[in-house]
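Reading through the structure tokens given below for one structure.
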Amino acid sequence: MAKFDNYKDVFPHAKLTRSPDGVLEVMLHTNGDTLIFNGYAHEEFVELFHQIGQDPGNRVVILTGAGAAFMESISPEGFDFFSPQGYDKIYREGKKVLMNILDIEVPLIAAVNGPVRLHSEYILLADVVLATPSTVFQDKPHFEFGIVPGDGVNLLWQEVIGSVRGRYFILTRQELGAETAREWGAVNEIVPADKLLARAREIAEGLAKLPPLTTRYTRIALTQKLRHIVNEGIGHGLALEGISAAEVARSTGKGR
Amino acid sequence: MAKFDNYKDVFPHAKLTRSPDGVLEVMLHTNGDTLIFNGYAHEEFVELFHQIGQDPGNRVVILTGAGAAFMESISPEGFDFFSPQGYDKIYREGKKVLMNILDIEVPLIAAVNGPVRLHSEYILLADVVLATPSTVFQDKPHFEFGIVPGDGVNLLWQEVIGSVRGRYFILTRQELGAETAREWGAVNEIVPADKLLARAREIAEGLAKLPPLTTRYTRIALTQKLRHIVNEGIGHGLALEGISAAEVARSTGKGR
Amino acid sequence: MAKFDNYKDVFPHAKLTRSPDGVLEVMLHTNGDTLIFNGYAHEEFVELFHQIGQDPGNRVVILTGAGAAFMESISPEGFDFFSPQGYDKIYREGKKVLMNILDIEVPLIAAVNGPVRLHSEYILLADVVLATPSTVFQDKPHFEFGIVPGDGVNLLWQEVIGSVRGRYFILTRQELGAETAREWGAVNEIVPADKLLARAREIAEGLAKLPPLTTRYTRIALTQKLRHIVNEGIGHGLALEGISAAEVARSTGKGR
Amino acid sequence: MAKFDNYKDVFPHAKLTRSPDGVLEVMLHTNGDTLIFNGYAHEEFVELFHQIGQDPGNRVVILTGAGAAFMESISPEGFDFFSPQGYDKIYREGKKVLMNILDIEVPLIAAVNGPVRLHSEYILLADVVLATPSTVFQDKPHFEFGIVPGDGVNLLWQEVIGSVRGRYFILTRQELGAETAREWGAVNEIVPADKLLARAREIAEGLAKLPPLTTRYTRIALTQKLRHIVNEGIGHGLALEGISAAEVARSTGKGR
Amino acid sequence: MAKFDNYKDVFPHAKLTRSPDGVLEVMLHTNGDTLIFNGYAHEEFVELFHQIGQDPGNRVVILTGAGAAFMESISPEGFDFFSPQGYDKIYREGKKVLMNILDIEVPLIAAVNGPVRLHSEYILLADVVLATPSTVFQDKPHFEFGIVPGDGVNLLWQEVIGSVRGRYFILTRQELGAETAREWGAVNEIVPADKLLARAREIAEGLAKLPPLTTRYTRIALTQKLRHIVNEGIGHGLALEGISAAEVARSTGKGR
Amino acid sequence: MAKFDNYKDVFPHAKLTRSPDGVLEVMLHTNGDTLIFNGYAHEEFVELFHQIGQDPGNRVVILTGAGAAFMESISPEGFDFFSPQGYDKIYREGKKVLMNILDIEVPLIAAVNGPVRLHSEYILLADVVLATPSTVFQDKPHFEFGIVPGDGVNLLWQEVIGSVRGRYFILTRQELGAETAREWGAVNEIVPADKLLARAREIAEGLAKLPPLTTRYTRIALTQKLRHIVNEGIGHGLALEGISAAEVARSTGKGR
């Protein structure tokens, strides 16, 4: 257990708790309420998922949010999108964070507690997706800032809901309600908010009863293709996003 | 604008108009009515999409048809399917046309004005697909002629509606109505015929407001996988189609 | 016809009949009733699909089961999961059987006569899937035995019903009813049990009227991606399954 | 050993002998002398490599030729290159033969006893290549017949000796002597003719001392990429070869 | 011949001549002497290779340079490397130019008349490479300008001379002499300068004697892998090059 | 610099020093002399390369050994090869270590100070390979233990020295001297032992003068293919190695 103790309290935007059976719950938050995503969280989550992935004490992982939404708003704090050196940090972290989620080699359950308007690709890397009725998916900030959605949403929505649907979702900033998301295969179950975690734990406990190697290798066997998609495509998308940010910076005078 | 002037009037089967914001409308037609696809159109469209793709003045592209259908019938005129040399032209053009559509590196909106019974794969390369209630998708002429549907429909329908659905669609010459196509992810919105273009323009104008590099690079980031699919698979499919055509020619005495 | 005669009666778990038009029906069974899958059937089916695939007399293939289910239960007879040498046989056969199904280079129609609780990936390699109302899909024995579902179900369900749906299906041992399977794209038509074969034959006879090269090359053109998926991924999944079986053996004392 | 007895004497163009340690020697020949490749051998070798691959009694395989050359001349007997139906047989067999060689999942040693002027790609799928000083590699008959070298030589020579070297080798019908082949990585050792088999056996016996699973899985681990290359590319190349043959037939009046 | 007449005189940096047998010679130059590469040539060559590729009258293509070198120096004229919009043009053209060379679907012979210090990747896409004794390969300007060599040299040198050699070549700006290039597989023949074109023509005339479909489909069959490499990798490399250029601009004050 | 201070002294088997220009030297060792590889080093190096990769203060990395060899012998200490749970640790670490080396996104120079008889694949992931005259490459312990060489040597030697050479190297436990390794493209320069580090530093300092983003993105642009190879193939190879180890354990009675 020593290992868990080493990292469980070091992430300001993630509350970690683990059951005796090894079911780890990860609640992303800002001061206990819905996460306000910013540059510090971007950096922090790379390490968060890395630590989770390398701790053999984790048998199943539940990822959830705090308050009424999973992730809805972004703050510029800690980000420097508009210089090549500043964007480089985003590019590095953006490439790593998805691979680190995939390097969590135990079943990953997303318990989506409400709207997800950015980094919805995290959810799509989960093996089981539960969502509350109030959940809405959207890719909002990229186009609001005028930049390319190249951080993986470009790849993973097409993979999960289909090629034409996925491209429309991004380009029109579509709001995808929980029910439609379920019909289209991005959500497995819609669960009332007050039962969301209980249901996630129920599934998790069931999986934690399997032999440890079996759960781990099943995750590996199930995510071969996702690893391929992320490894081959994430760099190019993020690089294009960076160039578009540099152009926004130039044309608006920010990038100095 | 000079560039657009150079090619806008040279394609007999495509009427091109462009808004001041750079939204290009491409209406495929035969004498102003629904396109009768033939060997000349096959050749012409390779160049049409090439020209569109290399004109930086195009910010968003809308592809539509004329009359009551998008594309329904084919005429043997201008085709020589039944000799190796004749088929070679089809093979060359067939390989290029899909890559040239993907080389249109701005968002592509298909405004499907009615039935599509051949070359439905063009539609599936669009990022947004709007269809009228009368729209029907089918792959009809290949099996009517007794030849392999190897021009990309074999690859792209599976990608968009799923593997088992896509293979059934081809093999049974299924008629896919607009509503089912929407449920299966091949159509994003069903729009009354008299509002189709207005809706397409509305989406297009919204996209045209984004910074130019952003729209372009978003299209690139969204179509990585389609480029892979077409680049890896189109040649083999078309070659098999050609051999099957040669066999039809032999067995029916056409191929001399 | 000589060739068909050579293999038609050699498979104890498969009854083969062929129409004059070359429509081959393959009924998997145990003594005429629903197949009890065991180690002998595992070995036998590798050769069964190989023989079918290399007989040019087969123009279309229908795969079905006997009795009330397609495949529901497994018997340990003939399997040695729990030693490396014993598992090696399963690994070898498991890799070959799916490739041999894909090497059946004529349209393959699955006529699913009832529940499929193991080796459901066979069905997903069919180009047309018909199912009775009583059909249910599930991946049951792997987790019951505590081992990794790495025999192709890990790859193919995601391909057919989507990435998040497919992973949930495996991890939760979900029972997928015929209607949901149809909505999610794993089944093309639901047909009453007493009309199942008739409908399969109707589709088969239609396809058998096409020129022989055309049906063959259409199957090839339609299964490029499936070949890629199986060739790249099956070995790793089966190897992980084997290691998990060895661990089960160790921890339960079976593997000596 | 029963299994070996079943197939060891059924291949007229291949003499098979096996040592007590499981080292199988396969000598391709025509009446005991250098093989004259023809349509019957083309068909026979598909089955030959299949049988070898599925016999667990084979621990290491040595492939060699008879007389002064490995394979130098081709006879039209048994081939019908010039009709689609006839070519289809070549396409089917051509696709299978290389995969069947790769399905020999034990180390494969080529003992090249002299010139190889066709089907040199067989050699390149071996893990160890020994050659006599008189060995010469060339791809000769394709261009002599005026057809595309699309049977795998197009893929494998580039893989083994490099991209620019491999394309030149094919296009100029280059004669590659044993010494240059060794310098370029297509041959591992040059061995006097009278010691060739002894050296092959020495290496084979060494490998046969390893545990059986180890030799088998090492071959699998070493040939992942070759499987990828063959699976992805062989069909297209052979289809193009077929179309070129049909054109030759037309222009010379053969293909009726 | 009409087609050739349409484009043969429109490229200021390329002199085109064609023999009666369809052997096209393309000499890159600046005012008849060695090409000074600049932004106009960058744009021009995209169209040059496109036109060559789509003219069925070209049976074999020879690519050569003028004066004492193939390509040695670069002029900033016509380039805007240092703003996102300016770099975008380079990114677009850079992606197209290599694909357009691969879309020349007839054998391509490079007759390298002297040093190649930039865009050496053009040469590596040729099927036959002849070089004079004075030929030297190097990737010079990228690092001189302080930017990433991401235009394809990063991909193709590793493919042709090997992974470790190719990376060293780029990183150390190695000068690769003709003889070493031959030993490493980047050059097929070293030919005295005054015999270079004669030898290229000799090979070309030999190839032009083959049936037209055969030469074309052989090029296609031989370049499958190169298409894969370029299609999958070129965009990312060029985007990284662009970001590095933006950073150079910032840090040196150029990019305004 | 804080970051470097955090990890520079925590790795017992790696001595880290960094020049003011950011050239990091990593000397693998056991008590200051040649590394004796064991299970602790296996675990440690995963973290070592991870830490190096995520420190932006590292501009170029030199990897070298201590004493007369780079890595020659292995000790069973800290390894449990022979139970599934024990092997799982090796599988996890083995998959990560190569990806972590590739995640060092700055140029990597291997300064090979002598024989490398295990984990030679680390060297092949370096962009520049310098070796002393006494350097010898071999893959020795796998076959000595009777297990599959599936940790990446199976993939990377073929990539670097060619397909037939690479397979022979593994299967025959070939000793590859420095000179032959240079001729075959695995070594760039042979340097006397007393000048090895000086030469490595000279190259490193040259690279460190380039803009930081340029060196980083050049490494990324140069290693796309290696990432693909490792990501796609490493898991399967290591799993096969594990099964072979389990079999060795069984047959020798170790694995209890």
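Every chain is named by a letter (A, B, C, D, E and F) in the order it is written, and numbering of its residues begins at 1.
We take it that a residue touches a chain if its C-beta (ideal position, glycine included) is under 8 Å from a C-beta of that chain, and two chains touch if they have at least 3 such contacts.
Since this is a predicted model, take the numbers as computed values, not measurements.
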**Complete:** Touching chain D and chain F alike are C, E
**Asked** Looking at C-alpha means, what's the farthest chain from chain F?
**Response** B
**Item:** chain B onto chain C, rotation angle from CA fit, given as a multiple of 5 degrees
**Value:** 120
**Request:** If you tally contacting C-beta pairs, which comes out ahead, B-E or A-E? Let me know.
**Result:** A-E
**Asked** For the homomeric pair chain C and chain F, should the interface be classed as same or different, according to whether the shared residue numbers exceed half of all numbers used?
**Response** same
**Message:** From the mean C-alpha coordinate of chain B to that of chain D, what's the distance rounded to whole Å?
**Reply:** 42
**Averaged-CA centre spacing for the pair chain D and chain A, given as whole angstrom** = 49
**Fill in**
When centres are defined as mean Cα positions, the distance from chain A to chain F in whole Å is 32
**Message:** Could you pull out the residues of chain B that touch at least 2 other chains?
**Reply:** 84-85, 88, 161-162, 213, 220, 224, 232, 235-236, 240, 243-244, 247
**Request:** Any two chains that touch count here, so list every such pair.
**Result:** A-B, A-C, A-E, A-F, B-C, B-D, B-E, C-D, C-F, D-E, D-F, E-F
**Complete:** As the complex stands, chain C meets chain D at residues 84-85, 88, 92, 96, 103, 105, 212-213, 216, 220, 224, 227-228, 231-232, 235
**Asked** In the complex of these two chains, what residues of chain C are touching chain B?
**Response** 107, 124, 126-129, 159-162, 185-188, 203, 206-207, 210-211, 213-214, 217-218, 220-226
**Complete:** In the complex, the residues of chain D that touch chain B are 83-85, 87-88, 232, 235-236, 239-240, 242-244, 246-247, 250
**Asked** Inside the complex, what are the residues of chain E that reach chain F?
**Response** 143, 146-150, 154-155, 158, 161-168, 170-172, 184, 229, 232-233, 236-237, 240-241, 243-244, 247-248, 251
